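These notes concern the structure reproduced below.
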Amino acid sequence: NIRLSLPAVCFVWQVSMIILFGVFVRYNEEADTNWVYKKKEKNITSDIENDFYFRYPSFQDVHVMIFVGFGFLMTFLKRYSFGAVGFNFLIAAFGLQWALLMQGWFSPLGDDGKIKIGIENCLIAYGAVLGKVSPVQLLVMTLFGITLYAVEEFIILSVLNAKDAGGSMVIHTFGAYYGLSISRVLYRPNLNKSNHMNGSVYHSDVFAMIGTLFLWMFWPSFNSAICNHGDGQHRAAINTYLALASTVLTTVAISSLFGKTGKLDMVHIQNSTLAGGVAVGTAAEFMLMPYGSLIVGFFCGIISTLGYIYLTPFLEERLKIQDTCGIHNLHAMPGVIGGIVGAISAAAASKEVYGDLGLVNIFSFEGSNGTRLPTVQGGYQAAALCVALCFGIGGGTFVGLVLKLPIWGDPADEHCFNDEMYWEVPEDEESIIPPVL
Amino acid sequence: NIRLSLPAVCFVWQVSMIILFGVFVRYNEEADTNWVYKKKEKNITSDIENDFYFRYPSFQDVHVMIFVGFGFLMTFLKRYSFGAVGFNFLIAAFGLQWALLMQGWFSPLGDDGKIKIGIENCLIAYGAVLGKVSPVQLLVMTLFGITLYAVEEFIILSVLNAKDAGGSMVIHTFGAYYGLSISRVLYRPNLNKSNHMNGSVYHSDVFAMIGTLFLWMFWPSFNSAICNHGDGQHRAAINTYLALASTVLTTVAISSLFGKTGKLDMVHIQNSTLAGGVAVGTAAEFMLMPYGSLIVGFFCGIISTLGYIYLTPFLEERLKIQDTCGIHNLHAMPGVIGGIVGAISAAAASKEVYGDLGLVNIFSFEGSNGTRLPTVQGGYQAAALCVALCFGIGGGTFVGLVLKLPIWGDPADEHCFNDEMYWEVPEDEESIIPPVL
Amino acid sequence: NIRLSLPAVCFVWQVSMIILFGVFVRYNEEADTNWVYKKKEKNITSDIENDFYFRYPSFQDVHVMIFVGFGFLMTFLKRYSFGAVGFNFLIAAFGLQWALLMQGWFSPLGDDGKIKIGIENCLIAYGAVLGKVSPVQLLVMTLFGITLYAVEEFIILSVLNAKDAGGSMVIHTFGAYYGLSISRVLYRPNLNKSNHMNGSVYHSDVFAMIGTLFLWMFWPSFNSAICNHGDGQHRAAINTYLALASTVLTTVAISSLFGKTGKLDMVHIQNSTLAGGVAVGTAAEFMLMPYGSLIVGFFCGIISTLGYIYLTPFLEERLKIQDTCGIHNLHAMPGVIGGIVGAISAAAASKEVYGDLGLVNIFSFEGSNGTRLPTVQGGYQAAALCVALCFGIGGGTFVGLVLKLPIWGDPADEHCFNDEMYWEVPEDEESIIPPVL
């Protein structure tokens, strides 16, 4: 019974968070009143050197992407807007607390930007199962998802010393295959019973564009949030921006050329226009060159839109993967492309382009990695992509099996994509009788 | 006649503003072309030290909260969205000019962040009377509200030297009781005549979520906007963020557990999820500790949601307070809780936790307050809460009586919650006949 | 056939962009890995001196204005929301790439803020022809518009050394007359066949308010984005902010006073409230004084709203200019006013108010302009306004003739303002049958 299980899970987890935060979490030194002393010690003369001023604007932009961007992107269904934006809100609010803890355990000096990013993978995964699971299942999915993410990220970034500024691998590839695997395990053969609800209406498509646009605009902040101060953040923002711009044009082109009627399809405009931002993630901080970013975006727009037209139906019919939002086209394929682009461009890095210090700064060729060559780094990047894939598919399959237990209150096939299951839905629009004045 | 009175009030007030600005307002030194000289005098080497770069991002976030956040939060009514977002726009645009003047008179060096915050109390008060008053009444309410606010804030912050970074007391407690008192005086015994308009439709609830999410996301900017540069702003943002996250989970839990049907209610998700941000306001800059913020948010989500379920009907039936948006649950109770949390945590402040310099910085224990002890500060904080309550209830009652005069063009009972009174409303959706192509 | 021509144009142009970027565009030094060396050379000690941290928050705000602001502002039509927000997205994404190139050719050290602003003029022009042209025509219009803009801006800013921080002349005047001239050439005598689609519904007006509010809030960032660091940006933000606040009140007043029924009209609130931001653009960085900004906003609100009531019908009937969004009232007239205000306030600049260094900084009285007097600067400002007008009207007429060629797939008169032409539109709202649970 969802009436009891949802509050139970919420309370137990929030109380656990309070206890764990009480034991493990303190302000870092830049947020502590003792910073006045630290400033003197470190000879910092201006308050503007506090990391807050470097990171906070990007942090807020990522915030907007998570809550408004992902939330509204999923409001496109005609009668699942409450669930889209409301449950997205719930799992983000829980996920960020859990991510803060996990991140703290795995990398004691994690900064804010990083923490936020950690929860995106669960929101991506939500896209695959949108409308087909209960809020309790979403919370369970989030708990496991962030735990797996923290381990996977530790292996990729710290053990392999791979670079992934915008998270093409650690976030998008992992998150998308995590969600798709869950959706595969939870396959519903009779989902067509709620076919009449699995579509948009005019205004729900406009709401979804709010999500699309905020994601598109702030993606440069997302990809640059955890880059090196200075030129690193600057370059990541430019690369992402150009890749996204290029994607828009090819998405429109393919949507018109291959669409059934030659007309544009809002599903493509809402989703595929973002694929370039995913694919440029790993290499965002690299010297990808402006035209390189445009090329990445160019192909991602094509591949992602074709994915919506040909691959999504194939996945559903043949592989029994029901992917409500088409995250395979928006996150999985572009994420893998991003990993490959990252590996190639890392392997091709040269002292002529980056400068000696540049190579060290960008790839952290220092300490135990001091003698690593760019070509070798390329190999490690490729290995990182495999790690992300394995964690995504393996973890998703496991969590899918957990979620298959008949205790989570998931909706029957005929009640999918319908807010009535979990929300008090107001009367319908047409019943408004405008009073005569 | 609203056709004449609204333009008259707008013109008279805007002309007054121009005259008063001409007499009283000049650029502060950081916005004046003479800053080049000041920089040399003060030996400032970088333009980034201009307060603009410290404050502008937070200032813009608070902007978004005021115009989009509050505006859209109130669009939930099925046919009062124009009034919600339009009149909110009007009173914010007027209020900020008046607040700028009042603030300048009471604290000559007020900075931008502070100014903006000053007008929130009127937007809060609007929530109580939404749909039941005319735009002229709103403008009068705003004029008095900001005047009272400036005096109250001067007493609390300057005379009592109480701290209230996020304004739990000076803004939320004051603003909420101001609005509730006005609503009490303007009690409409026959409001049930427009009951059929006092509710939401599906898409108006989605619009309201735009408001909720922007308020939620930018609340950390709001609470940190006027904190000390450096660790103060950093810490206030973290505390607010955690309190808000915690509130979401307990709001969902209570909404499901105590709701009539066991389903979630959008009213709770739209409003109660924000209560933690209100309640952590006063103590935002203190060393509340991350788990402390979570605890504050935990209880506020519970109390606020229970307020919507049990207290709002009680207020209406017994105390004759018709509170359209439930500001008693979102601002009044959490604001009082925030004041109490602030008093307790100030009284408990110790040199061990804050450091000598920290205590001085956070509580301004300097000059005439140089010998004040934290325990005494706690007492002053409690006194400040009483001041805010008195100003809110007293001022609201007075302004309510002014607004009861039969000259303001307020709507009849059967025309409440209806845009038709003051707006040209377009034809209805269903009359669209999609032309065949 | 739009099915082929739209993809063809998109592909050809995107491929051209990639080639041109490959040849011409490199990272500037602050985004290059070699910045570490440059920092040492220039003796820069802190990463926060990277221009990224000065500009990025404003850059993002301008972003939001372009994509969400302009996009949603135009969603007010009942059945053209997909086209409004979708085609705006398309031309912005193409335009920013082309603007980046043009700007680079004309001013080798152009920074990000500037680039973004360059594309606004095409979005403004879109407002005049909204619903009456095909996406291919929009792309052609954008290509020419940005090319003309780059030349015009070069003449105004570099040759004439005129100042135009917020682009009242170079963006708004030029863009508006460019769009109006195109609309004149493309005059459709039988447009009344689609009259039933040329209007709003309740929720489309609420969507449009999202656009209005984001434009309103971030206009201070727009006008200050390319000002001098420090007091210049600070002052421009304050001036814009006050002008906008003042405009809101006079817009409401005139809308109520002169409206047919004495009720407020959403068209005025959505558009005229922004006129003050346009008109204060040129003089934003000048010592306009706070009350001066209020006065500018005061009159612009009046003029713009009266324009919607009296001038727009006149333009359509007599001058055969069909101006869907009323850009003549929002951009053209306020832009010209802005140019005039700029000329007068430049001519009136004195050493007493600005200081010696201030005059030099604000008006770039150095090098070959070292001996120019403020009064002469006023003359150059007036000349700049004429240049903007000529480029707008001349360029628009030429491009209009190009777009009149019968090869672009524009909609027939009876299919204007209708998404069905270019978009797959979902079934209607009323056909939702809420399933019984």
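We just call them A, B and C in the order they show up, numbering each chain from 1.
Convention: contacts are C-beta pairs under 8 Å (C-beta built on N, C-alpha and C of every residue); 3 or more make two chains touch, one makes a residue touch a chain.
What you see is a predicted model, and the numbers here were worked out from it, not measured in a lab.
Of all residue numbers that take part in the contact between chain A and chain B, under half occur on both sides, making this a different-residue interface. Note: Cα superposition of chain A onto chain C, rotation of 120 degrees, nearest 5. Rounded to whole angstrom units, the spacing between the C-alpha centres of chain A and chain B is 32. Residue numbers of chain B whose C-beta contacts span two or more other chains: 46, 48, 53, 57, 79, 203, 210, 421, 425, 428-430.
Within the complex formed with chain A, the residues of chain B that make contact are 46, 48-49, 53-54, 57, 61, 78-79, 196-197, 199-203, 205-206, 209-210, 213-214, 216-218, 221, 229-231, 233-235, 237-238, 242, 244-246, 248-250, 252-254, 256-257, 259-266, 269, 273, 287, 289-291, 294-295, 298, 353-355, 357-359, 361-362, 414-415, 418, 420-421, 425, 428-430. Of all residues in chain B, only 1-4, 6-7, 10-11, 13-15, 17-19, 21-22, 25-27, 30-37, 39, 46-48, 50-53, 56-57, 60, 63-64, 67-68, 71-72, 75, 79, 81-82, 85-86, 89-90, 93-94, 96-97, 112, 135, 203, 207, 210, 421-430, 432-435, 437 touch chain C in the complex they form.
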